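Quick one: this structure, given as structure tokens, is what I'll be asking you about.
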Amino acid sequence: MTEMLEMPPAHPFDDDKLKEECGVFGAVGVADAASFIALGLHALQHRGQEAGGIVTYDTEAGFQSARRFGYVRDNFTSQKVMETLPGPIGIGHVRYSTAGSKGNTAIRDVQPFFGEFAMGGAAIAHNGNITNAVALRRELIERGSIFQSSSDSECIIHLMARSLQRNIPERMKDALRRVEGAFSVVAMTRTKLIGVRDPRGVRPLVLGKVGDKGYVLSSETCALDIIGAEFVREIEPGEMVVISDGKVQSSKPFEPKPSRFCIFEHVYFSRPDSILEGRSVYETRRQIGVELAIEAPVEADLVCPVPDSGTPAAIGYAFQSGIPYGMGIIRNQYMGRTFIEPSEQIRNMGVRLKLNVNRALIRDKRIILVDDSVVRGTTSQKIKDMLLDAGAAEVHFRIASPPTMWPCFYGVDTPDRDKLLAAYMSVEQMRVHLGVDSLQFISLDGLYRAAGVAEGRDANAPRYCDACFSGEYPVVPSDMIDKGFKLKAAE
Amino acid sequence: MTEMLEMPPAHPFDDDKLKEECGVFGAVGVADAASFIALGLHALQHRGQEAGGIVTYDTEAGFQSARRFGYVRDNFTSQKVMETLPGPIGIGHVRYSTAGSKGNTAIRDVQPFFGEFAMGGAAIAHNGNITNAVALRRELIERGSIFQSSSDSECIIHLMARSLQRNIPERMKDALRRVEGAFSVVAMTRTKLIGVRDPRGVRPLVLGKVGDKGYVLSSETCALDIIGAEFVREIEPGEMVVISDGKVQSSKPFEPKPSRFCIFEHVYFSRPDSILEGRSVYETRRQIGVELAIEAPVEADLVCPVPDSGTPAAIGYAFQSGIPYGMGIIRNQYMGRTFIEPSEQIRNMGVRLKLNVNRALIRDKRIILVDDSVVRGTTSQKIKDMLLDAGAAEVHFRIASPPTMWPCFYGVDTPDRDKLLAAYMSVEQMRVHLGVDSLQFISLDGLYRAAGVAEGRDANAPRYCDACFSGEYPVVPSDMIDKGFKLKAAE
Amino acid sequence: MTEMLEMPPAHPFDDDKLKEECGVFGAVGVADAASFIALGLHALQHRGQEAGGIVTYDTEAGFQSARRFGYVRDNFTSQKVMETLPGPIGIGHVRYSTAGSKGNTAIRDVQPFFGEFAMGGAAIAHNGNITNAVALRRELIERGSIFQSSSDSECIIHLMARSLQRNIPERMKDALRRVEGAFSVVAMTRTKLIGVRDPRGVRPLVLGKVGDKGYVLSSETCALDIIGAEFVREIEPGEMVVISDGKVQSSKPFEPKPSRFCIFEHVYFSRPDSILEGRSVYETRRQIGVELAIEAPVEADLVCPVPDSGTPAAIGYAFQSGIPYGMGIIRNQYMGRTFIEPSEQIRNMGVRLKLNVNRALIRDKRIILVDDSVVRGTTSQKIKDMLLDAGAAEVHFRIASPPTMWPCFYGVDTPDRDKLLAAYMSVEQMRVHLGVDSLQFISLDGLYRAAGVAEGRDANAPRYCDACFSGEYPVVPSDMIDKGFKLKAAE
Amino acid sequence: MTEMLEMPPAHPFDDDKLKEECGVFGAVGVADAASFIALGLHALQHRGQEAGGIVTYDTEAGFQSARRFGYVRDNFTSQKVMETLPGPIGIGHVRYSTAGSKGNTAIRDVQPFFGEFAMGGAAIAHNGNITNAVALRRELIERGSIFQSSSDSECIIHLMARSLQRNIPERMKDALRRVEGAFSVVAMTRTKLIGVRDPRGVRPLVLGKVGDKGYVLSSETCALDIIGAEFVREIEPGEMVVISDGKVQSSKPFEPKPSRFCIFEHVYFSRPDSILEGRSVYETRRQIGVELAIEAPVEADLVCPVPDSGTPAAIGYAFQSGIPYGMGIIRNQYMGRTFIEPSEQIRNMGVRLKLNVNRALIRDKRIILVDDSVVRGTTSQKIKDMLLDAGAAEVHFRIASPPTMWPCFYGVDTPDRDKLLAAYMSVEQMRVHLGVDSLQFISLDGLYRAAGVAEGRDANAPRYCDACFSGEYPVVPSDMIDKGFKLKAAE
């Protein structure tokens, strides 16, 4: 059942991007957890702009929750809302869209989810995607569970409700052992903050310390910076931490697997000022530009980024190549995408609302245009059009990731395979289709090198999940296979 | 867990009234069920002003739901909302407040409730109260159910989810056989509209016909009038009807009990233009006035109602006594109760926002003031003050119901027993407390006579539930007894 | 120029009524004038539901204003709004619609209007209508005034701005001497509250006292009751009062004219609990019913009002005729008029949203139906239909005013003459058109008698303005004549 | 009089910046002027974020207006609002805050302003500031004009109303000849679009062509790009253009003065993709960086901009110096500044909501930080703190404008003189105060060179208005002098 509510305002990311689906944040042992969580979620807003929610617990008020469509800054800043969220412990979530209900989201799909068990309540927030959620849901419904959302993540709370364990962390282990896929979860009871990463550690999760006894869990380190928290360490793949009374207890409840962190977190999803696996995201991206300049040099007058995601790689490319760096495309700070089109049709109006060509700089120049990825290719084409209209002499596209050929089933919103330009075109076909003078993607090895794996990709045991480029899925996407998806091997 | 949302605007009923907690309405076999339901709920708005909800089913859109705080006219009139509710079948609900969460209501407590079962979805809307809901909830949680609301009514859907029956009507029978208390329920599957009344038939439910093949279920007949539906019959106590493809199938799934319809529906809850048990509510109320004039005559110049609920009884009293009828108190049509009080304190400001004395009419007259009931007595006192301030010579209170001495546990919002004036004062003490020249309540026998039971109340087998007056509860309120409530016999 | 804003919510009066266009209220010498004004305007809400405004003055904050579409209770109750309106002096206004911009109202048309003059600011609020506003406006624009609204009332403030007088009351006299038509004005400077009535006193205005040194001005006495103010006296026709420092100074700045108070204030506009010219409005209306029973008797079983405006006259008719009084038509307390009509068309849906027939009471009875007036006749017809559908044996219409044949140009919203049923049909033609068994209006003499003029109407010097019935306009409507309106004499 | 309305949401510019106060846009001869204007104003949003308004004229609908607080994208994108603005001609305005009512803005202060004259209506929108507005207003009020706003710009419409000229362009000339200060005005009648620049041309205004017969006027060329309009030319200082029926008529109604375009438009106000006086704003800013690197070199490891306004100059500095360019500070794309501060105080929380240091890049490096200007210095200090906290070895501030020592009276929001850091500190004092290793501003001559004046500033006839740096005001700010402001010469 769906319950339609007002859709959130337009968000500034382009339709032609892969989209991270979630960010999670939790706090415990601080005077007012909700205000820390609101700030943390604000810093994680790039991981999900559609909706956000916060749950807190206070001995007097009990569990309290507020879930809203739209930006954190628009919902979790008013005294009126924040006063309803008292207490020293809480968790929060921002989301783009769940596996369940794309484009038709209900407020009931907005996390955190809450369940009341015989031993008390618990709330959970999940970043990732459960690849056997359809099967689990069917089984749970047959046994009498009532689902309130269309989210895959709700399975976890129902599995916990049916566990025979006597405390919530143990119930959570029970539940997560039934779950396949990618998950970084923060959860809470009345007194405990819990963090878990799936055995392969596909999505990030870090631990920070604030004040004397306060701890926070966050998808990325940039959210530690905003609240002045000290970075402690990453939660390890397959690890569960239970934080209570200023103590962090660690366990490893799952069968061990090789780590497969998502390489696209380095390429695009995470914020450039975050540090993943001990590496600066900004530096990795800049290094991708350096590698690109080595792999794919070209004579030109100017290196321009597609703002803002292409900027660090463009800086690296310019640095390595010695070709001047410049802002050939200017971003409108006051995004918008819903204006009514004047009757005299305006070419590429959607893009113009966000970007404008710096005509004076571009005219008669040979431009190297650096972007992070090509998904459908629609935006790339429009930007190239705008450059040529403005008088660019040549346009050379350099892409800071390999061709995106496979959908992600681990918590990223990707188009169906047949919508991915690289899934049905060769690089040369894409070049012709986009109408540019040259087009080159970084190699998978080059990408691994930029990410610090000096020897490149080990085909037998790749360090990262790179399924979107390679088609090699570390976890079998069983629900999708039931729906007819064909693995690379099966093609 | 509670999730606070904006509270609805002030509603026009006084705090010093008993409040019906719900109205239900369902439609099937019509072109656009939601528009019929919206109109029906509008006509039932007096049964619940806090919130309302509608669920519909359409083969293309599936189950759709909209639930909102506030009046039906403010929420279910816009094209935008109604377009999200397509289909030929649906149910709706208006509520005042559930047993679960008084004054702290969350949108998740607003009905209808929905559950997805192995054989498809179902939605239910409930008028009444489940007296063993606390025990049922505890049991269900222990077995792994996740409750989403604090409403007693949610138990029904979880009991249905766990039933082993193969179709929804049978699961509903299973569930309702576990439930104690008062219930008039409308429910729906993708194709069936279902109506049930508890074995004693405490709350009303009627069947109407609209167009060729359309049927509606409604708490009261006034909602049939608004949509031009034909009254077919009342659903009988203990009866379940399943309506599909223009056919009404009836069954009696419960152990039979003596009927005990709520007599307060006649006195106050139902709309005067409704017909209950074949009797006009208006006529019963007018007849109460006639009985009161016989039981409790007094010399006076004018009979005045406390508008609007005292009006029919005042008309009856004036008719029987021959004393002229007049509007001594004028109601402000534009209710309001949240104005900021000026610093120069205004006596009885709360009442003044709603009522004003017709000073010219009242001055120097002996007034018989007719009201429907005395609950806390706070409003009665203020109205009397206003009459005396305006120069009334005498004030004689006549009350169209017996003293309200016991709380209701069957779907009516009553104060705790120790807040009920009549629970701790004799009639003479109340007269002194209210400061009126005389005070008389109709007798329980007189009330039964006015309601058509010529021989008065049969103490061994009363025709009505009159627990609020008599303390004789037809269904043992077991949850309340667990919480310490003492039955009359136990005092 | 118009600036469209959200239209206010549906108001409960029918389209088929004459509508008072304004109510005014002012306060001075109290601790927080705005809260008194909000309560006063709430009590005057029946005089205008479209919008309301309040201006106050405080030595620190200066002049402050808040103007809003919608009900007083929805706009002037929040702490947030009221805090912006500090100070011991202020005025307020509720309006239905001005002469200028029917159905297309802008917030800039909402009064009070404010002007800054060389000697300080002043604000005014106007009830009535200026019949030479078009000519005045043209003249003022030619001389360089910039109008901000389409309201006739704005002329007053521009005339004041151009006066050569040295203080505001004198400038106001200058301005109002140029103005023709009907006006009851409240105005304010930083320290003075001013009240004025036009020389004929067409619209009401009364003076009240609150606390030691506080005074209020109000359109009706019912607004004194709500704030516990003492009625002092009516402002006389042609009188100006200037209230400051607890003193009331009176003057008579206009050439004297015979008083011509609007008789429709007695019939319909004013609230029944108000006292006009020393007479209870309720009593006048009840007496109209008595007169009607004498003038137009008929054999019948029941006297029913069209609620609520027909109620006092129906009580009077029943009293005089000895025929029982009953509520044959029940009003829905939760008005609404914007529901989406179900596809199976519902007869008279608009009326059903507001009224329902008490079927059990009506069936097989001969009904005398008492209404206050017939304007277009559309509603009368629908109500009659509903009664007949419900099984009434006969329907006899009795109207508590004479046939409405002429538009009002003095501050009342009337349809064009050719939309007034009585302007182009005889009473018998109307009876046939409405489809009732009999139809009778009270005579003009009968109406005068009910209003306390024992000898009836003096054709040479009528005590009231009754132009809507008689076509005799006490002030020549010069703008309308310029637009082509023909006086009775000219026909 | 002030009328408080909801303040707009937080805007992303820092409090510690000079703020342009307005942007204007007009269109004529297109099918739906309002949609062009909405897009144009969106592109000019950086010139004013507080509020915006659009007026259009259509022969059927007449003049229509919509004025709203908040961003263009939030107000002028809905079908509902845009449908109220039909017609082939219109003007629009975005504003930060007028001279009249800082921080206490009323919707009535939002432009365009409208006046109805004897020969028809006209609307105007004004970018700039009238330096004799107080005196003009006093005079106009004394003669009977009623002001509706606290805006200096409203004087223009009142002066027009009192002109004896027979058509609107001539009345506008009359009015503007009385006005001192800076103004770029767009205005409209029913058929004519009018553009005017003051004799010194302080604020920009350009003419564009769209389609066959359409013309637009815009503050900047970036707004031509968004609608695909062709740049025609700049309106010249002292020029008025009247556009009608596809024809542009030019006149020069004012006494000629030397041109004094605002140099801060180049430094900060205008968008980098705009072209002013034939020069790319981006290129000028980049060139400022080049000049700075020559004037103020320093040994360092990295050149970082303060995003986004310092970016082009930082690129230029890095290019010229050969020191690598990097993003040491990352901007949060989802601005916000109203979060509730957690009880454990967070250092520099206001800045953290918008910016974060790229810790991995900064650590142990010597940083050259390039910003556009220093106003109060508060933000500079916080950014420096964040860099040092993150482990920077040295911080060298380079500022792309000379010290800001004087307030602007020509349409820019500047703090009072005593709040400008450079007004009371030497550069060395500022360096110590800010706590940086070195601090250097570009010289005034360097700035002129970067702006294309190869020979630097001519002290006798400077090409630009640079009063904020030099204290040499090309127009005497007479209102301010009346209020006690002292010119440089008078100090």
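For clarity, chains are labelled A, B, C and D in written order, and residue numbers in each chain start from 1.
One rule holds in what follows: a contact is a pair of C-beta atoms (placed from the backbone, for glycine too) under 8 Å apart; a residue touches a chain by one contact, two chains touch by 3 or more.
Everything quoted here is computed from the prediction, not taken from an experiment.
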| item | value |
| --- | --- |
| Third chains touching both chain D and chain A | none |
| Most distant chain from chain A, judged by the mean position of its C-alpha atoms | C |
| Centroid distance [mean C-alpha coordinates] between chain D and chain C, Å | 50 |
| Centre-of-Cα separation between chain C and chain A, whole angstrom | 62 |
| Contact graph of the chains (line, ring, star, complete, other) | ring |
| Complex contact set, residues of chain A against chain B | 1-4, 55, 62-67, 84, 107-108, 114-118, 121, 123, 141-148, 157-158, 161-162 |
| Chain C - residues contacting chain B, complex | 9-10, 12, 30-32, 35-36, 38-39, 42-43, 45-46, 49, 71-74, 76-77, 79, 82, 210-211, 214, 222, 225-228, 271-273, 275, 279-280, 282-283, 286, 308, 311-312, 315, 318-319, 324-327, 330, 332-336, 338-344, 346-347, 352-353, 356-361 |
